[in-house]
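Heads up, the next two complexes both have chain A, just with different partners, chain B and then chain C.
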Partner chain A sequence: MRTIRLLVAKDLRLEWRTREITTTVGLLALLLVIVLAAVRPEPAAAASAMWVTYAFAATLGFARAFALERDHLTGLRLAGTDGGAVFLGKAVVNWVLLAVVQAVSLPAFGALFTEAALARAGALAAPLVLGGVGLAVVGTLFGGLIVQARLREALLPLLLLPVALPVLIAATSATAALLDGASLRAIGPQLQLLAAFDILFATASWLLFEFVLEE
Partner chain B sequence: MRPLLAAATLLMLVGIAWALLAAPTEVFQGLPQRIMYLHVPAVVTAYVALLVVFVGSVLFLWTRQARWDRLAHSAAELAVLFITATLVSGAIWGRPVWGTWWSWDARLTTTLVLWFIYIGYLIVRAWAPGSRGARAAAVIGIVGVLDIPLIHWSAIVLRTLHPQPTVFRPEGPALPASMLPPLGVNLAAFLTLFVALLLLRVRQERMLARLVEQLEAA
Partner chain C sequence: MNAPPAPVVALAGVVKAFDHRPVLRGVDLRVERGRAVAILGANGSGKTTLLRLVAALTAPTRGTVALFGQPPGREMRRRVGMVPHESLLYDNLTVAENLRFFAGLYGLPAARAADALAQPALAPLAGRRVRVLSRGQRQQVNLTRALLHDPDLLVLDEPYTGLDVTAAARLTDVLRAERGRGRTLLISTHDLEEARALDAEVGVLLGGRLTELLSAHALDHARLAAWYRDGRR
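And then the complex of A and B:
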């Protein structure tokens, strides 16, 4: 638990001082919102535009999380941290960065697509958090997996998007329903699916990460 | 392995002849329904292949023996092959019967996404060779199979158009009795072909590993 807290604090402090990932990914997200809104600014397109943006931001941001660590993975191993702790630490950091992007871009969706994005921000937090955790979990697993591979920036979306498709489908459909005025109760099935995905893949990744980090 | 290939060829000839010439024509769908005799065996074989990838990947991570990795790798290639056959035959059947090549039905979506996941598996193998690539691929092989129920569930949340299962269901087959034997023969043919090709690829990979070993020793 302490290891995880230290890892998270280290990465967040590093990010706070450089603001590398938040700046580039945040700007990319804003750019995507503008491009998507310029093409089709209707409220009906809002939910899919949101999740396209988050998926893009996730693939770009998650690829960086381990690039940071590429030369120090051996150090992390020698420090006696176990794979599961490294996974949880990185997943938390990835999720926090994605949540920042989600929070920052929400006003843009509200201004360019539908005001419901802001008016219903409280309810929207449910699919945004559950979906964001799903993307962060799978993204962290695959990010660690391909950190040493060639062309990893191209590989990550290729692996992440198909596996995370259930997250994208359920989260987009839940977001669309909420923006349409549905209650949280009405999107119960989608939230259940998101929660099941998060739990299953968090557990599987936590168990498998020991093999991912091996030299 | 050679007798297996011969058996697969023979079974496939019998199965296809039976399906095309002897099996009854379905009243509503007409001739396109005969595609079912290839489509169903292909998809069953594809899922058997995925199961082999899963088992091979788990055993590889557990025991660290390269032979399990070779098994999983070979099965993944065949899984992609049979999933491709499933998708293509399904689309050709869907055009006349549904009036569309594609629909976002739960089964179709699941199969298509699996195709992408296992193409990714093969790409990781190609770009990250050696033991690191083997471990990465094993993780993907496990994650891909865990994802199957979730992809299926997520597509059901959308909607479903595919015919309900008529053969593999708890109440017993609903397919007319005259359609079952040709389907069975074709299923046996596809599974035999799968086992034969799997053994062939595993053997090739084993020889490759041995060659590399000898080259490095020399």
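And then the complex of A and C:
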């Protein structure tokens, strides 16, 4: 736990100082919201627009997060840092950054697509958090796998999006239902699927990350 | 009767290939406790690869690597302090934050980083971000980072690169002092003078093989240049 805390604190401090990822990804997210709203500014399209935006933001942000760490992985390995701890630390930071993007873009969805995006923000937190964790977990695993690759920014979406498809479908479906006035109970199956995906991939990645870090 | 202590580093018949192209073609190396050994070689001769093998950062294609008589692994790595060619420090953290972070990774108390920062040469740098430091100051912090956990073996990959005369002399003083404390040093360089300054034994990487170790003072520049040119002794 101590190592995870150290890694998270270090990454958040670095991001707070440079705002390198949040600025880039935040601007991309806002741009996507505006472009998607210009095409189809209807409540029915809001959920799809949200998750398309988050998926793009995630692929860009996660690739950048690992690129920034690439030259420092040797230091983590020399210290004998447990691969699982590195995975959890990175996944937490990736999720926090995605959550910031979600929080910042929600008012834009409310203004441009449907007021329900803000009125039901409390209920929306469930699919946003569970879907965000799913994207962060898969993105961290693949981000670590391709960190040494030359075309990592291009490779990450190719790996991340197909695997994260169940997350995107379940999260979009749950978000759409909530925006349409459904109760949290009604979207129980989607939330269960998201939770199961998160737990399964987080556990597998935590176990596998030791091998991901080694050459 | 007590068995003699295992060598700090023991490489036997080590081959390392990348994409089926061997960089090291059967390296034998034995470094005893408290010794200073410099690996000399031209650019691309495999010096960095050899050091990464010793630090257990990469595995040999063939042959065996032993650290302190044990196969290399995560626990063995913690007995090694390494200053690689690239800086491992985070540019946008201060020197103090960097050292506290690495001390934490090694499970050391924060006081250990504070002690390191109390050194007269480091104290004025504590609150400065690494990105604004000169190459010499950066190297000084890198070396402090590598020594935080009091490693038995210190591995340095071309540590003199980019240093001015003053910084290089300061580095030599620190390394000589560390050797005086009984720490084993393994350093890569292409400059014989740096090895001489440390009174090191030298091994020269030629055509993927390492020569026998000999005193740096027993080797002269002309002979070394001829070895580099011919790719063999």
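To be clear about the criterion, the second predicted complex is superposed on the first by the 215 of 215 C-alpha atoms of A that agree within 3 Å, B and C clash if a C-alpha of one lies under 4 Å from a C-alpha of the other, contacts with A are read in each partner's own complex, and residues count from 1 in each chain.
Definition applied: a contact is a pair of C-beta atoms (placed from the backbone, for glycine too) under 8 Å apart; a residue touches a chain by one contact, two chains touch by 3 or more.
Since the structure is predicted, the reported quantities are computational estimates derived from the model, not experimental observations.
Once chain A of one complex is fitted onto chain A of the other, the partner contacts of A:118 are absent, as it touches neither chain B nor chain C. Judged by the touch definition given at the top, the superposed model places A:27 against neither chain B nor chain C. By the touch criterion stated above, A:199 is placed in contact with neither chain B nor chain C.
More residues of chain A lie in contact with B than with the other chain of the pair chain B and chain C.
In the superposition on chain A, A:165 makes contact with chain B only, not with chain C.
No residue of chain A contacts both chain B in one complex and chain C in the other.
The touching residues of chain B, counted against chain A in their complex, run 61, 109, 113, 116-117, 120, 123-124, 127-128, 132-133, 135-136, 138-140, 142-144, 146-147, 150-151, 153-155, 157-158. Across the complex, chain C meets chain A through its residues 55, 57-59, 74-75, 77-78, 80-82, 84, 86-88, 90, 92-93, 97, 101-102, 104-107, 145, 149. Per the touch definition, chain A reaches chain C in the complex via residues 2-3, 6, 10, 13-14, 17-18, 71-72, 74-81, 215. In the complex of the two chains, the chain A residues touching chain B come out as 138, 141-142, 145-146, 148-151, 155, 158-159, 161-163, 165-166, 169-170, 173, 189-190, 193, 196-197, 200-201, 204, 208, 211-212, 214.
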